[in-house]
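We call the chains A, B, C, D, E, F, G, H, I, J, K and L, going by the order they appear; numbering starts again at 1 in every chain.
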Amino acid sequence: MRLLLINGPNLNLLGSREPSIYGSETLDAIENRVKKKAEREGVSLESFQSNSEGALVDRIHMALGKVDGLLINAGAYTHTSVALRDALLSTAIPYVELHLSNTFAREDFRQKSLLADCAIGVVSGFGGMSYELAFDGMMEYLQALK
Amino acid sequence: MRLLLINGPNLNLLGSREPSIYGSETLDAIENRVKKKAEREGVSLESFQSNSEGALVDRIHMALGKVDGLLINAGAYTHTSVALRDALLSTAIPYVELHLSNTFAREDFRQKSLLADCAIGVVSGFGGMSYELAFDGMMEYLQALK
Amino acid sequence: MRLLLINGPNLNLLGSREPSIYGSETLDAIENRVKKKAEREGVSLESFQSNSEGALVDRIHMALGKVDGLLINAGAYTHTSVALRDALLSTAIPYVELHLSNTFAREDFRQKSLLADCAIGVVSGFGGMSYELAFDGMMEYLQALK
Amino acid sequence: MRLLLINGPNLNLLGSREPSIYGSETLDAIENRVKKKAEREGVSLESFQSNSEGALVDRIHMALGKVDGLLINAGAYTHTSVALRDALLSTAIPYVELHLSNTFAREDFRQKSLLADCAIGVVSGFGGMSYELAFDGMMEYLQALK
Amino acid sequence: MRLLLINGPNLNLLGSREPSIYGSETLDAIENRVKKKAEREGVSLESFQSNSEGALVDRIHMALGKVDGLLINAGAYTHTSVALRDALLSTAIPYVELHLSNTFAREDFRQKSLLADCAIGVVSGFGGMSYELAFDGMMEYLQALK
Amino acid sequence: MRLLLINGPNLNLLGSREPSIYGSETLDAIENRVKKKAEREGVSLESFQSNSEGALVDRIHMALGKVDGLLINAGAYTHTSVALRDALLSTAIPYVELHLSNTFAREDFRQKSLLADCAIGVVSGFGGMSYELAFDGMMEYLQALK
Amino acid sequence: MRLLLINGPNLNLLGSREPSIYGSETLDAIENRVKKKAEREGVSLESFQSNSEGALVDRIHMALGKVDGLLINAGAYTHTSVALRDALLSTAIPYVELHLSNTFAREDFRQKSLLADCAIGVVSGFGGMSYELAFDGMMEYLQALK
Amino acid sequence: MRLLLINGPNLNLLGSREPSIYGSETLDAIENRVKKKAEREGVSLESFQSNSEGALVDRIHMALGKVDGLLINAGAYTHTSVALRDALLSTAIPYVELHLSNTFAREDFRQKSLLADCAIGVVSGFGGMSYELAFDGMMEYLQALK
Amino acid sequence: MRLLLINGPNLNLLGSREPSIYGSETLDAIENRVKKKAEREGVSLESFQSNSEGALVDRIHMALGKVDGLLINAGAYTHTSVALRDALLSTAIPYVELHLSNTFAREDFRQKSLLADCAIGVVSGFGGMSYELAFDGMMEYLQALK
Amino acid sequence: MRLLLINGPNLNLLGSREPSIYGSETLDAIENRVKKKAEREGVSLESFQSNSEGALVDRIHMALGKVDGLLINAGAYTHTSVALRDALLSTAIPYVELHLSNTFAREDFRQKSLLADCAIGVVSGFGGMSYELAFDGMMEYLQALK
Amino acid sequence: MRLLLINGPNLNLLGSREPSIYGSETLDAIENRVKKKAEREGVSLESFQSNSEGALVDRIHMALGKVDGLLINAGAYTHTSVALRDALLSTAIPYVELHLSNTFAREDFRQKSLLADCAIGVVSGFGGMSYELAFDGMMEYLQALK
Amino acid sequence: MRLLLINGPNLNLLGSREPSIYGSETLDAIENRVKKKAEREGVSLESFQSNSEGALVDRIHMALGKVDGLLINAGAYTHTSVALRDALLSTAIPYVELHLSNTFAREDFRQKSLLADCAIGVVSGFGGMSYELAFDGMMEYLQALK
């Protein structure tokens, strides 16, 4: 089983970025948490981060036929990018949407996700733990398909 | 550590209720999954289900000072009950909001949660697995507090 | 053939309640009208009234597998209760929505029904006669299914 | 007692028109059902159908002083015609609004009726039976006036 | 100078139609008032009434090149007919919009006119006198053009 | 018969103010037009202009018991002043709302009048002639009361 | 004179519930304040609290014919319960709406009351004192009726 | 293959009607362009224009079973006529919606089409050429069906 | 302790102004009621009324450092004046908002107060008694501060 | 070159008014800053402050033909006064809108300016420095006109 | 004559991407169709696809002075990119907006185009044929300019 | 002191881009104006322009710890980019938002800035001079911090 973890804009700054909202763990540390978990379960997990909407779309396209599931924290693009939504639907790879912070407790424009209605499910608000929960949810989903 | 799992209206019908949306597992089966998980981690977990908004409010009040965290699938009341929101805030017990189905893929009136902005986090769309993920998220949260 | 007639909040006051809107017939009198009609057609018809949303949900659950159709005047809960809607959909029993008064001639918040789009049909505005019309509509529907 | 049954645009196509929504009975068949019912009750019932808003307004004007009640399925004009509403109010003949399909289960623009708030009542969703129910509701109303 | 007075749907019923709103004068009587006024000022004034949107559009087209100004009480079509608006703009004949009743004191859907923003001006609420005021306003406008 | 003509903010600049919208006639010239008309009909007509909402309210209060009708061009306050509306209703003097320009052809915030629904009627778009039409409409109204 | 004081959901927690918003006085203490006041004025005052919408409706029904006025702090149900509104209107007992906190300073969904437009008046924001003010307002109202 | 070209209200005035928006070609000239094109491709193409919504509905009904596709420029009725939409769906003949002007560059009320979502496709803004493009699009669609 | 009572536009007409809404007591009479109450409690209470928004702002400024609390019935300005809100916040004197009529039972534009969210509390609907209740609420508030 | 600096309601309180939002500099101090700057550039600059909308309109009228540009901090009237907008447009004097605080970071009702779309430009958020920036922007604009 | 065909995000996946919506033809195949058409008419046509908003803006800038017209299928960016709109307006090259699918039959967020109101025209819903129709429409437009 | 000047999409075309809106000065010329000003004040000022949202985010990240303030004209991204907003907040570098044109005088979608509420302040409408004013405002802000 092969998974791809995608992180959108500004997540590269994790740790230094508004720690009261996003915590003090770096993206590397979080990715390692999930990768170790994946390893333990015999799953290959690659990760990719970009601040560019186009590069994220490109990376999702590249996953076509090579990946069984996507874990995606699209950050700000969650709320504005129809292109990402279309990329996810175009490849038809099942995905879980995840967020570090509880987006429901934040600005109005973060209340609408352009990705959520086509996702398997959504995990929001558990900091770095959101990634592990999204991984577990994805695993359950993929195993149920078999 | 003591947790309380609260299930709102119509969840008692799980298994027979619209299985294409909610799956075929019964509420008992799901609660047992989470209780076993809790047991393994040395956590006491009680559960409560009611179709009555008032009874749910009463049960939350009773948890005051007796419970460290709440896992709540408020079902339909998620979208209509200011009273439940007030009950949760009144007791100030941290809670995780969870849903079996991906509410973002459903009717317009299910897009708004009156509970989400004050929750630790939200888990939505993973069927019975949503309960386990919510439990894991809550554990992480409580352990970080220590 | 077995039918269940459900009446929501404040309908127990019929006769004394705002007679210029709801007429001066009591709920008992109206239920008897419909029950006689049912008897004549060899149909068993039970009735239930409650002011509690939860009790109405409970009663609908109890009808699962025991009733062929529901006639429901949900009163105020028509406009606010997602829980009732979910209960009706969970049991998948066909139902007719009915109202004594013409709800379209009343306050804005009565213009939206959370039950109507999943009903067989809606009858509104004919006073106690609305119950008989709903009964007739339900009978036609059930006979067409055979 | 004299009633007039008015059918609006596209109802002449009944039977061939989207049968999954409107059923396979023709307008003639439905009108005959109601006319027989009227005959049995000693009531004269004429019917009129037109696809033209203006012709419908004209026909309603002609009913002034000659008709005790109107049964009207205004079809698409239900949702767009202030002129029909004004015609009905101008003549001050009591009317029942009726629909074959359950309009509440359909497009957003069918959720608003420009006629309903001034009608005696509304019957919606029972196919051809809607006409009979509307007839019965009207009879009850007219008899109560005596 | 040649003027055309156009009256829309239901105005043929004036006198009998909801007299508390529209007064008890007939359309004939009102038209005669304005025609006499026109005669006194040496202006030819024809009038036309129809309940059909299409017939009103046709009549406006016929006025092209034959009429210097239009006085129009479009009745219900004021609020719903883009076709009438387009007819008026297509012929480019200057027009005054007028209403018997004060439309601003009535239903929400009468608050929006599809004709008013392209009119010379609007007169509303003076009963039959609205026609005379509209005539006077039109005369002033046409004389200022010379 | 005694009338009061009230002009709101910026109307003192008439003639120099945006002549493409408001024309080149001064307020004095317009008031004289109406006063002459009033004189011819044996009616006393006073006029008042102020840029201050409070002064306009004061002036309307002073008219209580001394004036049979008000002609009011409230200018910008038409769209923002609940205080003026309350002043007009408090004195219960009948009034006609008038505008030089066709407000329906202008900015969105000019589409709503806080005065129109309680006026006898509204005249809009005929330049200085609007004042004369408003006067004529008022006269007709007052004579019909006798 | 007999009054009934009704308290809605979560008000039983007063004193412990979010004291920065609701103060530290218990419901008992507040009810005693009002009861003493009532006693001094020779008025009988009963009180009732419930977290259940249905129980509140039931209690209001029971007051029919036994109570001259209601003081109601419906808490969260103020903003969501059409059933409570209908119960109050059904019994036609005059009532005063009251709130401990200033609801206008709180969440958007607390800005709309389903009860306020049919109340005698509303008192909001004075903590426990709101109950005494509501009592005084009710007394004035009832005495003026005599 | 048989096609029907339908033109709605005011299109008969083409050439004289607001040439800055609609161009100076007459409807006859445009219809001839398309008819010649149809002839070249061995397709029969009839055309129909009316200013009456009802007549357009009637004409569409007549096409049932006699026409393989409709090209429709419904003009103003595009934005207001549910009856036309229902007529098109009732006959289930595939259709292309077309406009001379670019409706997206015009008034707000022209931004919504009641026909577009059920059309094969939409062509807007190319003047008379829109008719030829719509014809070509229809031909491609019908040939793909074979 | 020094209080200032401020009355906004049109309240000078009390007694003669729409008595069915505002009662027949004059402002003088009401102010005397409150002043007597203040006297009894050893509090100095001045009052001020103006129809001018600017004069009300000026008067509030003058209270800076001289007054411990404000009782304000801003009348129509409640719903339109950001300037009054800013004046109240600029001086930071605590204030109670009050209304004679129950504003919640009136026009839509009276449903929004620009002052309420920053007030201590709001009293609405008790006629002249609203002033006394506001006074009592203010006293309670000021005494709790000590 | 002659400029006029206009300050709206509550700005006279600067220094004492909510210093966390508006800073602790007085209006005098700020005006002196700008006047010195003007002097250095050989420009005459007068200033005017009022809390009255009418007085501000009057002052702007007086500037007609005597002033080359206006710097205006209309305070609360920015968001509510169509009269000020009309006054500015009536005189056709170019103006710069300025604010001490960053209005975009404040209440919803401060997000809309009725003056901004007709201004040369807008400066917001720089405290007293906003006045100097507005002055510089105006100078650049006027010099470019030469 | 030189044209540029621009394809936005996810169009590179054509053929494999959701074929039920977008068809099974690849982008290459479609581009070849149009290029052959262009060749036959002696027009040079280049094409460009990118998933990056910035790269699309860059490419449009490069076309400045080198291209007579643009055919653009901006895909998801149609609905979200003000930057693309600005790029098109900045270069002032005339363009036709085109879509493979009928966007009017899809999600709400696809109902708004940020490009359409400034385009020559729009073609939507004809699959690969949309490109040819857009080409033909552009040719007609450019030839009319000569 | 080190400042960074960021220019968003299409600003590279300045001078040739819609000169009636944006003026005829090139971006180079404008940047030089500001750099000279910076030099005179002993401040280092770098500049960066990109049409890519991702590249702008990257550049802002690079400024972390190296820059004391940002001047940003985000162009079209002002209205659509949550990613830019997050980048600015992530680095916590104070910034001034600026625009060449008066965005308040333009399209509806330009009325909302996603950056303004977190900026120090906003300067809009002064052409190239906006950059200098933004620089001056930033300097004042930074000097006040010392």
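Following the convention adopted for this analysis, a contact is a pair of C-beta atoms (placed from the backbone, for glycine too) under 8 Å apart; a residue touches a chain by one contact, two chains touch by 3 or more.
Quick caveat: nothing in here was measured; it's all calculated off a predicted structure.
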*Enter the minimum step count from chain E to chain H; a value of 1 means the two chains touch.*
1
_I'd like the angle of the rotation relating chain E and chain G after CA superposition, in degrees, nearest 5._
120
*Looking at E-F, D-H or J-L, which pair matches E-H on over half of its contact pairs by residue number?*
D-H
*Please report how many Å separate the Cα centroid of chain H from that of chain K, as a whole number.*
24
*Between chain F and chain I, what is the gap in Å from one C-alpha centre to the other?*
31
*Scan chain D for residues touching two or more other chains and write them down.*
52-55, 80
_All chain pairs that touch each other_ = A-B, A-K, A-L, B-C, B-G, C-D, C-G, D-E, D-H, E-F, E-H, F-I, F-J, G-I, H-K, I-J, J-L, K-L
_Under the stated contact criterion, what part of chain C meets chain G in this complex?_
8-10, 12-13, 16-18, 50-55, 75-77, 79-80, 109-110
*Please give the residue numbers of chain L that touch chain A in the complex, ascending.*
52-55, 57-58, 61, 64, 80-83, 85-87, 89-92, 114
*Where on chain E does chain F make contact in their complex?*
102, 104-105, 113, 116-127, 129-130, 132-133, 136-137, 140-141
